[in-house]
Amino acid sequence: MTELQTLLWPGADFAVPEGPVALWFGFTLLLWLCAGLYSFSTINQRKVLYWSSFSLAMVGNLLLLLAQDVLGFYLGFALMSLSAYGLVIHSGKGAARRAGRLYLQLAIFGELLLFAALLLRVDAADGALAISDLQAAALTPLTLSLLLLGFGLKAGFFPLHIWLPQAHPAAPAPASAVLSGAMIKAGLFGLWQFIPAGDGLLLLWLPWLLVLCFSSAFFGALLALLHRKTKVVLAYSSVSQMGYLLLALVLYWSSPADYQAQAAWLLVWYACHHALLKSALFLAAGTASSYRLQSWHWLALLWPLVSLTALPLSSGAAVKYGLKQELGQGIFANWSLLPGLLTIGALSTALLAWHLLALLREQHQPTKPKLPSTASFSWLVLVLASLSMPWWLTQLQPLWWQALQPAGILAAGWPVLLAAGLYWWWQHGGRPLPASWQDPVSPALGWSLWLKSCYQTQSSRQQAWPPPQWRKQERRANRWLTQQALLPLASSTLLAVILLLWLLS
Amino acid sequence: MDWNSWLPVFIVLSSLLPGLLIFSLAEHRFALRTTLNLGGVLVKLLLVAWMWQGVKAGEDYYFELPFLPGGSFILHGDALSLQFVLLSSVLWLVTTLYAIGYLEGSPLRSRFFGYFSLCVSATVGLALSGNLISFVLFYELLTLATFPLVVHRGTVESLRAGRRYLAYTISGGVVLMLGAALLHSLTGSPVFMPGGYLSPLLAEHSGLLMLAFVLLITGLGVKAALLPLHGWLPEAMVAPAPVSALLHAVAVVKAGAFGIVRVVYDVFGVDVMQQLDLTWPLVMLASATILYGSWRALQQQDLKRRLAYSTVSQVSYVTLGVAMLGPVAAVGGLVHLVHQGVMKITLFFCAGNFAETLGIHKIRELNGVGRRMPLSSIAFTLGACGMIGLPATAGMISKWYLASGALDAGYPLVLLVLLTSSALNAMYFLPVIYRIWCLPAGDWPAPKQLSRRFETHWMLLLPPVITAVLIVLMGLLAGTDLSPLSWSKLIVEREFSYD
Amino acid sequence: MNFALAAVLLPLLAAVLALCWRRQAARLVWLSTLFSLLLALAALWQVVTFGPASMQLGGWQTGLAIRWQLNELSALLLLMTALIHSLVASYSLSQWRDAGLSADFWPLSALLQSALSSLFLSVDLFNWYVTLELLGLAAVALVLLSGKKALQAAMRYLLLSLAASLCYLLGVALLYGHYGWLDVPQLAVAISEEPVDHRLALWLITAGLMLKAALWPLHVWLPAAHAAAPAPVSALLSALVVKGPLFMLYMIWSQLAGPELAVTGSWLFLLTGSMALVVGGWSALRTPYAKVMVAYSTVAQLGYGLLALGLMLHLTDPAFTQALFIFVLAHALAKTSTFLAVGEMQLRLGGKRLSTFRGASQTMPLAMFAVAVAGGSLIGLPPSGGFVAKWQLLLPLWQHSQLWWLLPVILAGTLLSAAYIFRLVVLAFNRAKPVRPDFAPALLPQWLALLPALLVWMLAFASGSLLSWLGG
């Protein structure tokens, strides 16, 4: 592959992925194909815009997974981020355009930060452009924060999530599916690839990142409960789940060297699990809002929720179990608060799932048209893939089995039941929330508008040069000089010159 | 006759002679004029290609004619000059095509194409000049040859712009001449050489050298549109689109930028620059220009004005790159000389197409153009992406090299400047692209049907398409031997390998 | 020497013949200018090959006789005179019927050439007086060719010219009274042997010559006179006539003034030169009339000559001599071109004002091009002669930092000249309301106007040999 360098840009290198990255590539590809199939029959207007953005974003996403060099990665990343703009604004409605603006502003900002970060990394590695060569170079606070910000803006964990609950609901359902399923994972992928595990500075920062993980998990779930649009709820769920994914990443970074491979696998499993279920859910939400849900659809809708709440038999149970296990082994083993936090997290996720289910039932109208069969098929494929994940991922099976033990069933089950009770009480028995709390408007939209007003100002006209006022005087003086005074003036000057010179010299 | 020494002369003459012939042609001799134009271009391209491979192989092309005491008239083809010659010849080809289509049926075409060819001859001569005096000579000729093009429309605005253009460039030329005279009085005008020729004077005349540097940079800065001297550029965009394209992309602003490269590397040289501590001010000036130009571009509502301010900003990338004095940064600056040219010429071609086909001049009139003129719009989008520095475009490559050069040369703050400028670029280009693609079609001021098969006249369409393809190719295939990047690396290798 | 003598006498003969044979006057004088051009070339060749020569007219011995001296400088100036005259004569021949040029032009211009040529060859104070007087009278008569409207300007010119001659004569008389020599080299020897206070004489001579050469502040007569004259006459006056006194100033100051006095004098020249550059340029920029603009441009450009003279006296650097005479050459060519082209355009477009030239780039492209190209030399753009002169002026200046204040002055002068030239050029590109020609422009006069401009534009490439001839 080295000969690519002499053909493409300097350092260009691509490789067929292996190991965990191959799985990542696989689920991403599956997601894009399914979403494409779903779009095929459901996207009826502005097709050129949709399909060009869709295919460019897909190419970008796949490219960044294949890239072995910094510039190639950046190319894929930028292509993906910027083309997704077309997906976000596809409907052309006001909300979509506002969301798109916010998305694009942050995407560009993220690109720039990322550019700086990559540049600094390459500089630290003495100009080496291969990603593997960057691992040896030590991080500085600047590069680390730039990387976290640059990729974090894409990954969408708290507090860099502000664009996510706006953009995901605005896009058409299949686009939201890839946005939530594949693209935000790309941010995480970047963090994983570009931040070397075991770096000294990183280890110092890990506790703070842990705080970030849990705040993201809780914040997302809580905000989701306040919203009443299914896709917004799903988007906040993504924010919440990105917290867990970041946790998996933090655990990978903190894990001892001999356990690192396993930690990497767990990260990818979690990503795969969440990608499949979240895209299935987005397709479900999209279907529910514009099509009639048939009876088997409800099954296809329930399974991802089961997986989300990590009930036994699901892939969610396996990865959550793995997460807990790893938490108990790494450097955070004696942080006694963490398992409790995870349990509360499970409770809030379950609440979110019940909320979502209730909303979907509320929204359902039997009078809407039937979902085209190709779309149904692609949705089904995603659900089945999520369902069968423990079967085709044999390495996941031990964890899956362990989660199936009675203790595991109990641990996973009671938060869901408790959440059911709590939710019922909240909806029927408790005091309703004040209306102003419902569907809160994100302040980010206001910021975006302010930013826009900064760069779309009216031009200030340049001041014209004031016309000279002394034209008349000049004319008069000229006339006098040339007509009356010329001879006397000339002769007196002559005399004056001679006299002056004589006297002076 | 020594073929090698006459080659630079022929390269200059290959556009000069057709130009002079075209002047004498009657207005209706369309076919002959076109043949002369294109014939000249093709001959020039052949000659340049010949020289290109020769320079690559290490040949020397040197022509000398006695001119002034202590300084001959020298044409010298080296790697650096070839970068600029190549750029101007290729872009001359596309611009000629464009201009033929653009001016179809308008009056005074012979005069226009005559000056057009003179302008290119002056640019090429400037690129090939082997010493400071010859450079000054072509620099002034360029001013004179471009003026009639700027005022070609002959309207009140274009005359105002022309006056302003002259006021700036003539003053700049005089200041440049003062600086050149100062250096000439100290050492004469030897051939440009890597590493400069002023180091023997450093001990005795450092003050005078500094003065000379200030004078030269001021003189060149007028054309390169450095900060306080940029006022003519946004005005000059009233010229016809091919002229703006040529002015902004190749001829005038690049002449200034190229001159700065020459002065920094081949007259003063890295050592003298460092010992005189001249680097910082130049870097600061270039950075300020970059930011200011982008900032002003944001406020413009007229498409060509916005592009013009964008030029102010982008040309200073070149200055910035050479001013930092590091090899990597120099590669960035030199490659941007070419990249900016191709990108900006695409944008101006497209702006011209929008204006000619739909009568669009203001940005707010661009709504929904993407569906009516898809190819031009794609070209525009690619050009704009390149300006922002998005990956897969030429702009990314130059930005990457400039930024890594900045880190390499120890100017980390320049990175911030580049990022801010990219952000500003995004701010003023993305809304335009948004209007083009994402908004429903508005009322275009004056839609015309210029072609039955294409969105506009094919001669107007082909040039931006070619240059847009070039933008992507130069970005994606930057690693090949033919790319401007490789050539810039070759230049830097030669410029930095002196002893 | 013989060639040079012939180049002086031939126009004189032509003048006499033209007076007698008025029908063929034009062709006669035209032929004589062409032949004298050849003769001048031959004289230059002679000097370059055989070295300088001098001759005593009338065979008397030194001191009494009229001495003529031919060296590279005078040969070059002779050539310049012949060249400009042949150009102007060709131009006049090609269009004199259209322009209504009086037949008296021909003998007068031939007389002018003869007088000027002998002035450049003389090195004798009295001989100079005679030629100067001839020159002045011929010039006044030529201005009068325009008829009544030029009467006032011509009379002023005559009066001031006479006053100047008187001043000069007074100075010469003072010198002669004391030393008894009129021959300049002899006088120089005498002065150095017996230094007395000869300042008054020198100042009188200087003031007279400055008035004749229209050097600031004694230039007031020039714009009116030059603007009122017909185009070929203006060209001759601006390009050649003012150069005669300038040449004399150079000779007298460089040979007769002692080193101490030279420095004092140099201040005069530097100051007046700077003022001429700035004030003349400003006036040229402000005037609404085309020919007045060109005339003021002459006033401004003569400032360079003064500066070069002053610097030569101040710093005794031969480079300034070169600068002075290259400037003289370049200015002569450029000004000829400008006046001929402007005159031609005025004639065809019908109007004296600058606004007449609106759209001239379209209606009379060649003439306009001539103005622009010649203007390039006036501004000092490379590779024109004006550039070489300015370059020679600037280069040594950088090495004498005590005179740094001259740099901004030269800069301002250059910018002002660019401003007034391009004011005209920009107007010419105004296509909105072009002024239509009254009758179809002829090509030949325009080409003839362009020719000197092209010559001066190429001067830089010949500057090597020029500089070596003027090396001093």
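Read from first to last, the chains carry the letters A, B and C; within each, the first residue is number 1.
We take it that a contact is a pair of C-beta atoms (placed from the backbone, for glycine too) under 8 Å apart; a residue touches a chain by one contact, two chains touch by 3 or more.
Bear in mind that the values here come from a model prediction, so they are computed numbers and not experimental data.
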Which of line, ring, star, complete and other names the graph you get from chains that touch? complete
Argmin over chains of |mean CA - global mean CA| returns B
If you average the CA coordinates per chain, which chain's centre is most distant from that of subunit A? C
Can you check which chain pair, A-C or B-C, has more C-beta pairs in contact? B-C
Nearest whole angstrom, what separates the Cα centre of subunit A from the Cα centre of subunit B? 39
As a quick test, compute the distance in whole Å between the mean CA positions of subunit A and subunit C. 79
Averaging C-alpha coordinates per chain, one finds the centres of subunit B and subunit C separated by a number of Å equal to 42
If we count contacts the way the header does, which residues on subunit A are in touch with subunit C in the complex? 474, 478, 481-482, 486-487, 489-491, 493-494, 497-498, 501-502, 504-505
How about subunit C: which of its residues touch subunit B in the complex? 359, 361-362, 365, 372, 376, 379-383, 387-388, 390-391, 394-399, 407, 411, 414-415, 418-419, 422, 425-426, 429-432, 460-461, 463-464, 467
Contacts from subunit A onto subunit B in the complex sit at residues 4-12, 49, 71, 74-75, 78-79, 82, 86, 89, 92, 97, 104, 108-109, 111-113, 115-116, 119-120, 122-123, 127, 455-460
For subunit B, which residues count as touching subunit C in their complex? 65-69, 73, 108, 111, 133, 136-137, 140-141, 144, 147-148, 151, 153-156, 159, 162-163, 166-167, 170-171, 173-175, 177-178, 181-182, 184-186, 208
In their shared complex, subunit A is touched by residues of subunit C numbered 156, 159-160, 163-164, 167, 199-200, 203-204, 206-207, 210-211, 217-218, 220-221, 223-224, 261, 264, 268, 286-287
